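Below are the C-alpha cells for one structure; questions will follow.
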Amino acid sequence: MKFGILVNEGPYNHQASDSAYQFAMAALEKGHQIFRVFFYYDGVNNANRLQEPQSDDRNLVKMWSKLAEDHGVDLVVCVAAGLRRGIKDENLAPGFRISGLGQLIEAGIQSDRMVAFGD
Amino acid sequence: MDEEMESGVVKKFMFVNRKAPYGTIYALEVLEMVLISAAFDQDVHLAFVDDGVYELKKGQDTAGIGMKNFSNTYRALEGYDIEKLYVEKESLEERGLTEADLVVPVEVVSRAGMAELMDGMDVVLSA
Amino acid sequence: MIHTVNKSPYERNAFDSCLKHAVKGSAILLYEDGVYAAVKGCTAAARLADAVADHPVFVLGPDLKARGMDPANVVDGVRVVDYGDFVDLVVEHGTVQAWL
Amino acid sequence: MIHTVNKSPYERNAFDSCLKHAVKGSAILLYEDGVYAAVKGCTAAARLADAVADHPVFVLGPDLKARGMDPANVVDGVRVVDYGDFVDLVVEHGTVQAWL
Amino acid sequence: MDEEMESGVVKKFMFVNRKAPYGTIYALEVLEMVLISAAFDQDVHLAFVDDGVYELKKGQDTAGIGMKNFSNTYRALEGYDIEKLYVEKESLEERGLTEADLVVPVEVVSRAGMAELMDGMDVVLSA
Amino acid sequence: MKFGILVNEGPYNHQASDSAYQFAMAALEKGHQIFRVFFYYDGVNNANRLQEPQSDDRNLVKMWSKLAEDHGVDLVVCVAAGLRRGIKDENLAPGFRISGLGQLIEAGIQSDRMVAFGD
C-alpha cells in the first residue's frame, strides 16, 4: 500500500517527528511504500541541517536524511512555510527537497492512506 | 464526462479546523492548503469544529497585534469553487456564537451530522 | 502576583488550572487565545464571572479585537487593557505566573 | 475510519472531541501523551471505558512504557499495539483522522 | 552569614511543571533550567501540577520510542541541593497515582497549599 | 523597573513572539529597562536570520534585531536549545547572541519582573 505522511512540528520540541519516523520505518518494514513525507508548519524545521543534538540523543534530521537515502523516500519541505521559518536551500539537510504545498495535496490523491503527526 | 473525471482521481478531502486564529498559525496555514487544493479538482470540504468556529467570526481587526487579518480569505473561497463549508452547531453554541456572527455563508450541522460527514471522507487533514 | 492565561478555555486546561490556583486577591490577565473566556455568553464566561468576585480580572483589548470580539461585551467586572496597561499591571502586582 | 489521539486527556480537548465525533464502529488509537487516557484508575479512563462498547480501541505500547505505564493495566477491552500494528490498523480501517 | 547571602541576592524561584514528559520537550528543558539554577545559590522550588506529575512516574522505559529517558535526573537533584519538590495531591489522584508511584521523595501538598506556595514566589517559570 | 522576558516559542507558529515583542515595546515606551530577552525551547528559532516571511506580513526576526539595535536590548539565545534546533552563529540574526542557560537565571535574579511568553 502507498502511504503519505504529514509532519506538522519540528524535531525535539514535540514527539510528532519521532512518531512519524517510527511509523514510516514500520510501514517500510512491512513492505509498504512511502509515497512522500511532507513537512509543513513548524515541521519544516526537521530539514535544518545545522541542528546538532547532544551526543547521547537521537539525531532526527540525520534519521530523516538516512531514510531518504536508504529507501528513496521523497522528503518535501513546503516552500512557503519554510521561507517563513528560515528553511532554505542553504541550510537544507541531504535528502530533503523544497517544493510547493501542491505536493501535499498530490500525496493525498496518490497515496492510499494519509497519516498526519503533529501537536 | 466532466472536467474533474478527466483529470483523474477525485477524492473527498476534508480540512478540519479546530484551532482559534492568531494564537497559533494553524488556521492560516490550513487555509493556504485549502487554496492550493482548489487547483486539483478534488471534492473539498471544510469543517469548523471546537475553536475552529472562531476562525469565521466577523469583525476581526488585527491592527493592534501587528498580524495580518486573513478572515476575508474565507470569503474568497467561493471564487475557487470551494463551497462546502460546515460549521458545528454545538461548537457555536458553547461559544455564544450564531450563524449571523460568521463572515461567510456556511452550512450549520449538528455534532452527529458532522461526525457522519467526517466518516465519509477519503483524506482528512486537520490542525 | 499576577497570573496570565493565553490559551483558549476550550482547548486547554490552563484557564481552569489558573482559576484553581490563583489565591484570593491575585490578579488575572487573559490575552492571546485566552481572551475568549472573557466574552459574555460563552460557557467559559460563567467560570470567569465567579472569579471576578475574588480577583481583579483583565483582558487584552488588542487580542479581543483581532478575534472579532467586542471589548464592550466582556463579562461584568472584567477590565479591558492595552499592552501599556499589561506592563503597568506587572509592575503593580509583582511576580508573574504564566499558565503556559 | 481510524481516529488517532496524541494529546493528554487532561491538557487538551482532543480526546473528548474525538469521542464525540467518532461514529460507532470506527477505530480509535491513543499514542504519545494520548496513552494516559487508557490507564486504569485515572478519571479519563471512565470515558474511554464507555467508548470501548462502540469502538475498537488501541493504545501504543511503546508510548505507554516510555511513560512508566504498565501495558497490563489498561482499561478492559483496550488492545496494546506496536508501531507495526499501527500501520496495519491504518491499512485495515481506511481514512485516518488525526485529532491534533 | 551563610554562603548564599554572601553571593548576593537570593530569590525564591519556582519551576512549575504542568506537562507530561516525551510528548513535548518542556519537561526535559525545564529540568535543564533547574540544574543550571543550582549554580546560582537561589532558593529553588519545583512544583508538579496537572500533567507535570507524570514526569515523576516510576518505571519509565523509552527504548521503544527512541528517546532519552531523563527521569533518573530527578533523583540527582538532591546532589545539587535542590530538595524542595512539591507535588499536588489532587493532580495525582485525578491520574490514579500515589506518592508510591514517584521516582523521588517529594512533599505532597493540597491544591490550596500549592496555590499558597506559588503565591509566595519571586520568580515563577513554567512550561 | 527592570524586566526580564522569556520567549518559549518560535516566530509565526505561535503568537508568543509577537506578544513578547509588543510587551517589550510597551515597557520601553513607559521608560522601563529590559534587562534581557532570553530565547529558550523553540523560541531559539526567533534568531534564524534566514527567515523570510511574505512581503505583507510582519518580519519578527528583523523586529527583534531592530529592538536590539534601537534600544540596546540584550537578546540571548540558549546555546543548548539552539544547537538542538540548528540555531548557531552561522545563521544567527544581528543583535542576538548565543550563551548559556545561566543567563536566564541571572535575568531572573537581576530583573524586578520576569515575564514569560509561550504556547
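Order of writing sets the labels: A, B, C, D, E and F. Residues in every chain begin at 1.
Operating definition for what follows: contacts are C-beta pairs under 8 Å (C-beta built on N, C-alpha and C of every residue); 3 or more make two chains touch, one makes a residue touch a chain.
Note that this is a predicted model, so its numbers are computed, not measured.
Trainee: Where the contacts of subunit C and subunit F overlap, which chains show up?
Mentor: Where subunit C and subunit F share a partner, that partner set is B, E.
Trainee: Of all chains present, which has the mean Cα position farthest from that of subunit D?
Mentor: Measuring from the centre of subunit D, the most distant chain centre belongs to F.
Trainee: Farthest from subunit E by Cα centre, which chain is it? Let me know.
Mentor: B
Trainee: Quick check: how many Å separate the C-alpha centres of subunit B and subunit E?
Mentor: Computed from C-alpha means, the inter-chain centre distance equals 41 Å.
Trainee: Averaging only over C-alpha atoms, locate the centres of subunit B and subunit D and give their separation in whole Å.
Mentor: 26
Trainee: Using the average of all C-alpha atoms in each chain as its centre, how far is it in Å between subunit A and subunit E?
Mentor: Once rounded, the distance between the two centres reads 33 Å.
Trainee: Would you give the residues of subunit B that are in contact with at least 2 other chains, written as numbers and ranges?
Mentor: Counting only residues that touch two or more other chains, subunit B contributes 18, 22-25, 50, 65, 67, 123-124, 126-127.
Trainee: Among all residues of subunit F, which ones touch two or more of the remaining chains?
Mentor: Within subunit F, the residues that touch at least two other chains are 8, 12-13, 15, 19, 22, 41, 57, 80, 114, 116, 118-119.
Trainee: Among the residues of subunit D, which are close enough to touch at least two other chains?
Mentor: Answer for subunit D, listing residues that touch two or more other chains: 6, 10-11, 13, 32-33, 62, 82, 95-96, 98, 100.
Trainee: Of all possible chain pairs, which ones touch?
Mentor: A-B, A-D, A-E, A-F, B-C, B-D, B-F, C-D, C-E, C-F, D-E, E-F
Trainee: Give the list of subunit F residues in touch with subunit A in this complex.
Mentor: Listed in rising order, the residues are 10-13, 41-42, 45, 48-54, 57, 61, 80, 83-88, 90-91.
Trainee: Please output the residues of subunit A touching subunit D within their complex, sorted ascending.
Mentor: Residues in contact with subunit D: 1, 3, 8, 15-16, 19, 22-23, 25-27, 29-30, 32, 113-119.
Trainee: In the complex formed with subunit A, which residues of subunit D make contact?
Mentor: 4, 6, 31-33, 62, 82-84, 86-88, 90-91, 94-96, 98, 100
Trainee: Can you list the residues on subunit B that touch subunit A in the complex?
Mentor: Answer in residue numbers: 8-9, 11, 13, 25-26, 29, 32-33, 36-37, 39-40, 42, 123-127.
Trainee: List the residues on subunit F that touch subunit B in their complex, please.
Mentor: Answer in residue numbers: 12-15, 18-19, 21-22, 56-58, 119.
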